[in-house]
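In the two assemblies presented below, chain A is common to both, partnered first by chain B and then by chain C.
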Partner chain A sequence: MAAAAQRKPVSLKVASLVFIVIWLMVAAFPFFWTLWGSFKVELDFFSIADWTNALTGDLTKETYGRPFTGAGYYGAWVQEEFWRAALNTFIVCFFVVVTSLTIGTLGGYALSRSGHNYVFWLLIAALIFRAMPPITLVSGYLPPFFQWNLWGYLPTAIIVLVAINQPFTLWMLHSFFQKIPKDLDESAKVDGCTQFQAFRFVIIPVMWPGVITTGLFSFLLAYNDFAVTAMLLNEQNRTMVPKIAAFLGTTYTEGNVMFAVAAVVSATVPLFLLVMVFQRQIVSGLTAGAVKG
Partner chain B sequence: MAEIQLKNVSKRWGSFIGVDNFDLTIADREFLVLLGPSGCGKTTTMRMIAGLEEATGGEIIIGDQVVNDLEPKDRDIAMVFQSYGLYPNMNVYENIRFPLKVRKVDPATHDERVMRAADMVELREFLHRKPAELSGGQRQRVALARAIVREPNVFLMDEPLSNLDAKLRVSTRAQIKNLQHELKVTTIYVTHDQIEAMTLADRVVVMQRGVIQQVGSPTEIYDRPANTFVAAFIGSPAMNLMEGTLSGGVFTSDHVRIAGLTGPDGPITLGFRAEDAAVAHDSTDTEISAPVYTMELLGDATMITVKAGGALVSVKANKDYRIEIDETVGLHIPAEICHLFHHETGARLDG
Partner chain C sequence: MKHRTFFWFFLPTALAMLIFIAAPIVSVVMQSLFVPHEAVLIETENCGPFGCTTSIVIDQEATEQLREERPLGRFAGLEIYFDRGHLAVAEIGEAWQTSESIGEFLGELGDLPFYRAMAFTLSYTFIVTPLLIILGFVIALAVNSLNRRIKGLVIFFSLLPMIVTPLIGSLILFWMIDSRGIIGELIQYLAGDPDLSLKASTPLMWMALMVYGVWHSAPFAFVVFYAGLQTVPQDTLESAQIDGASRWEQVRYVILPHLMPLVTFVALIQLMDNFRVFEPIVGFNASAHATSLSWIIFNDLGGETNQLSAAATTSVLTIIGVAILLSPVLVRTWRDFRGKA
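After this line comes the complex of A and B, so read on.
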């Protein structure tokens, strides 16, 4: 039995339960609604006559003989080549994560071990760049990219994403590195390591949780980015998020909206899995630097 | 063979002087202890020898090589850190083996050497544990084993015992002393604990504010402190220091009159150790006569403290001795046990 002090009055229990249920509905309902609706036809999901059609799927049954249909998915993935966007997203995310982690770990380590004053100002500058909306950077990039004929390619978007991402990864890794005592570097150096070997053999193995957490965040940023990818990539090279936006932009063709809905579900599922697997790292990442500045 | 020579080694940060003109030769196989209060530059000196801190002046010579510009790894030293500096992702075995691995020592010999080092510090049964699963004392022994596994020319130990509890400190201290004796390696040991310094050292260097105060064997430092700083720093309790005037070989101050001294007339600082003095038998051998400030039972002795000569003066009495606070006590301070210091500079006065 719980101690008397820990026992809560029934009314409070009920109230908190009700609150959680309501909150869960508000927060999670759109996702479930989208998931459910993605297996219907457009006229059901966006029915003007009767919203319950979206639940029962009358028109879907009329068209395909079953209340559920994979037509949206087929249309998106095969007909509209959403797989290409998925592949592009994968390429972009992979290279953004790898590049920003490489620079971030080296830079964050160097900054955390440097005793100079400029470290503080560098980090403040990084924070300022991080605070700026990405679109402000993109508009500056556009003219030279057009001029040099770099516009539209994946590497261009990767470079820009890394540039936007870097201040944040640097900041985050710096605070992780600061938690690792300097004694560790020093004992490695006395034991016979060069500075780089100390980093490679001693610090990085201890840093894995920090690297994974930062990598996750930079993955999420690249994965979810719209401003950069929408502005900088041509139609061939689009990643998933601008592709979904493109589906939505052509609503006058029937079915296209359903492609978007199906694509949204397809793009969300990996995120769900990722967050569920790495929830611990993500939480620690959110609180990292909370007490240290 | 590794004699270490420090020639006018200095460390400055801007205008702040960490270590000032440190000049010392450390003999091969010597156990040298750097002793001083925190911030006296002892750790900085050691870190300069290790190569973790750059000397801003002077020369550091290990063996016959000037090492000022060498990386720590090229100086053939091993260091034990205050916080142990163990690699948390490796188990004890891998921790001890790490120096051999990075230095590309023939892998065939690794196992034997790790085992030998582990045996020396009695760690064999913990080889497969991670540092997090060890107690403080065990971690410290891993750090020691990692230092000895490579058989370096010089051991550096930075307050290795200060994170251990009192009991463990005593046994680990003995172990370090024994290890050093067995391995016959030049050792530099930093501590702020004077008992560690007394028990371990062949020679002690007492430092204050970056300056060497005295270099000598533990007995020399204890028996003939070079100045009031050393006198007050070494010993438990510290040496009693009284301000007063000397005239014609007689030291006088409030409640104090000590005759038979040799020294210049005028203001002077007089010191003596609590254990050298005693409670007076009668008024003829009473040099201090004052009301008791406090009486402490130490178990093996009774400590009587009085206010005399502008300071609290303690004297060790027989363990059965009892007296009440405020009762007047006579203390016997023969002239032979007294040390005279300059009243301003604090420097020792007799030859």
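After this line comes the complex of A and C, so read on.
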């Protein structure tokens, strides 16, 4: 190939390298800075006197004798019972992912295998629902939930998140199932399977890559949600994100900002690991919708 | 697939969406047209040895009965839409007549909560979206020219701002930009003003929120464009080189036209997503300087007041805004469908 023509002038190479380094700083530095700072006392992390204190931890050393302290983590996890929020988040995410994938695969499979006109309209309806900001739906949930005493419980929030998740799940899985050749289940049906049996024995064994990608995004939606969980869960059942928001309300006045910092770092760690393990799937999921259309 | 089979396969997901998306939308519209009943008051006269006093008490029975008869509340029509908290028709008319210049009129408009939120939401949407597309495109070009081995690492770190929870991401940035944070101190140092603070300055707060918006969404644009760059036709690129196109001209006349559908895609998605900006306002504690439509809804719903009708009305107005932004997407999908059929 025209390797010589593709070769870049040195100046351009340097410029693009410098740009990448700057971007990486912008993208990643805040996380490392906050991680480092979460092991300091507040006056080091938010240093009025000298910003290098945040690096060396002078005041932390004065208070605790070491430049690092887990006081913020102890305060958040034990004193303020952040573990409860973490547990709630785990429960919510697990059930949201499982439920929305179960009903989503059935629906998405049906959409991909039916040639009727209403498929298009169902997909359009899903697209419109996907565009609705979830917060606009909340005032529709509250009166019936209060009346039937459903407000505040985890299952309620789980079902709502599953429903909000469905439009996106349907679109992803629909386009994914379309890539699986129809001959597969057609031939199973010729051999005497019902549609469901064809789905169960022929499609399910080959669908996992697409389902895992979709599941990742369902997980992210449930994990990252703030508007719905903050409005629909009571204090004991709060998940991590609304819990952190609640910290903010109280801690700025009580001087416990470090609890919030520690909680924020704790809630970022699972996402960090998730990207590390599933980077390929996330990238492919993000581009799936785009490159096609 | 037979209709019958389709129905059973699709039923669970359809039920979920009908009950928890479609029905709430209807309910929100209804709530925005009704206001809760006021309590029925009755005047009672208590006569004692020191004369008579009249007191006003709530007639619990009558109130209860009224609520039972019409559980939706009192029909208000578009009253809530036009009140001061929303479209504020009367206030605008008055401001238009009394103010002497356009500037003064806009100033009065800025005092009305809905228009204040609208001003920020729209500025945010239409400033952040183009910026993040440009940034994402440049990152994609730069990463594409990298050595294969470090690409994965760069993509990993680039994904972080987008994957991380919006509220958490905005808090992390806020703690750094805050006057006691590292970037805040740097800005104070550069500006030579030790009192410069995000909390005290509206323009600074707007800029910080928009920086957050670009930081959060540029990775999405980057990933999409990067995938698009892998499919640029090499023949066209080579012929352009043979014809003597400079590097810039190759980008301008070969790569950009090839990526144009993706640019439209990212723009449409991001316009809709940025329109619902909400978490950064909470994270930056910015409501004194910037509010958005979503934030108003959240604020009306939370707190002690629990103003459902007001929240529902703002929700409907937000949905109308989203619908306007969504319409190009729908038209596009419709055309695709017609093209295929």
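The rule is simple: the second predicted complex is superposed on the first by the 280 of 293 C-alpha atoms of A that agree within 3 Å, B and C clash if a C-alpha of one lies under 4 Å from a C-alpha of the other, contacts with A are read in each partner's own complex, and residues count from 1 in each chain.
Definition applied: contacts are C-beta pairs under 8 Å (C-beta built on N, C-alpha and C of every residue); 3 or more make two chains touch, one makes a residue touch a chain.
The structure displayed is predicted, hence computed values, not measured ones.
Participant: Quick check on the superposition: with chain A as the shared anchor, is it clash or fit for chain B versus chain C?
Facilitator: These partners fit in the superposed model.
Participant: Mind computing the angle chain B to chain A to chain C from the CA centres, in steps of 10 degrees?
Facilitator: Result: 100 degrees at the vertex chain A.
Participant: Quick one: is A:V206 in contact with chain B, with chain C, with both, or with neither? Answer first, second, both or neither.
Facilitator: It touches chain B, and chain C stays clear.
Participant: Please work out whether A:V10 is in contact with chain B alone, chain C alone, both, or neither, and reply first, second, both or neither.
Facilitator: neither
Participant: In the superposed arrangement, which partner chain does A:L106 touch: chain B (first), chain C (second), both, or neither?
Facilitator: second
Participant: Let me test your reading of the model: by the given contact rule, A:T34 touches which partner, first (chain B), second (chain C), both or neither?
Facilitator: second
Participant: Looking only at chain A, is it chain B or chain C that touches more of its residues?
Facilitator: Counted on chain A, the partner with more touching residues turns out to be C.
Participant: Is A:L184 contacted by the first partner chain B, the second partner chain C, both or neither?
Facilitator: Touch status of A:L184: first partner only.
Participant: Can you give the closest approach of chain B to chain C, taken over C-alpha atoms and in whole Å, for the superposition?
Facilitator: Minimum over all C-alpha pairs of chain B and chain C: 9 Å.
Participant: In the superposed arrangement, what residues of chain A touch both chain B and chain C?
Facilitator: Dual-contact residues (chain A): none.
Participant: In the complex formed with chain A, which residues of chain C make contact?
Facilitator: 1-3, 5-6, 9-10, 12-14, 16-17, 19-28, 31, 138-139, 141-143, 145-146, 152, 154-161, 163-168, 171-173, 175-176, 178, 180-182, 185, 215, 219-220, 223-224, 227-228, 231, 234, 238, 241, 247, 261-262, 265-266, 272, 275-276, 278-279, 282, 285, 294, 297-298, 300-302, 308, 311-312, 315-316, 318-319, 322-323, 325-326, 329-330, 332-334, 336-337
Participant: Within the complex, which stretch of chain A touches chain B?
Facilitator: So the residues of chain A in touch with chain B come to 181, 183-184, 186-194, 197, 201-202, 205-206.
Participant: Please give the residue numbers of chain A that touch chain C in the complex, ascending.
Facilitator: 1-2, 5, 8, 12-13, 16-17, 19-20, 23-24, 26-28, 30-31, 33-34, 37, 45-48, 51, 54, 102-104, 106-107, 109-111, 113-116, 120, 122-129, 131-133, 135-144, 159-160, 162-164, 166-167, 169-170, 195-196, 199, 220, 223-224, 226-227, 230-231, 241, 244-245, 248, 260-261, 264, 267-268, 271-272, 274-276, 279, 282-283, 286-287, 289-291, 293
Participant: What part of chain B is in contact with chain A in the complex they form?
Facilitator: 50-52, 71-73, 77-79, 81-89, 98-99, 102-103, 143, 146, 150, 156
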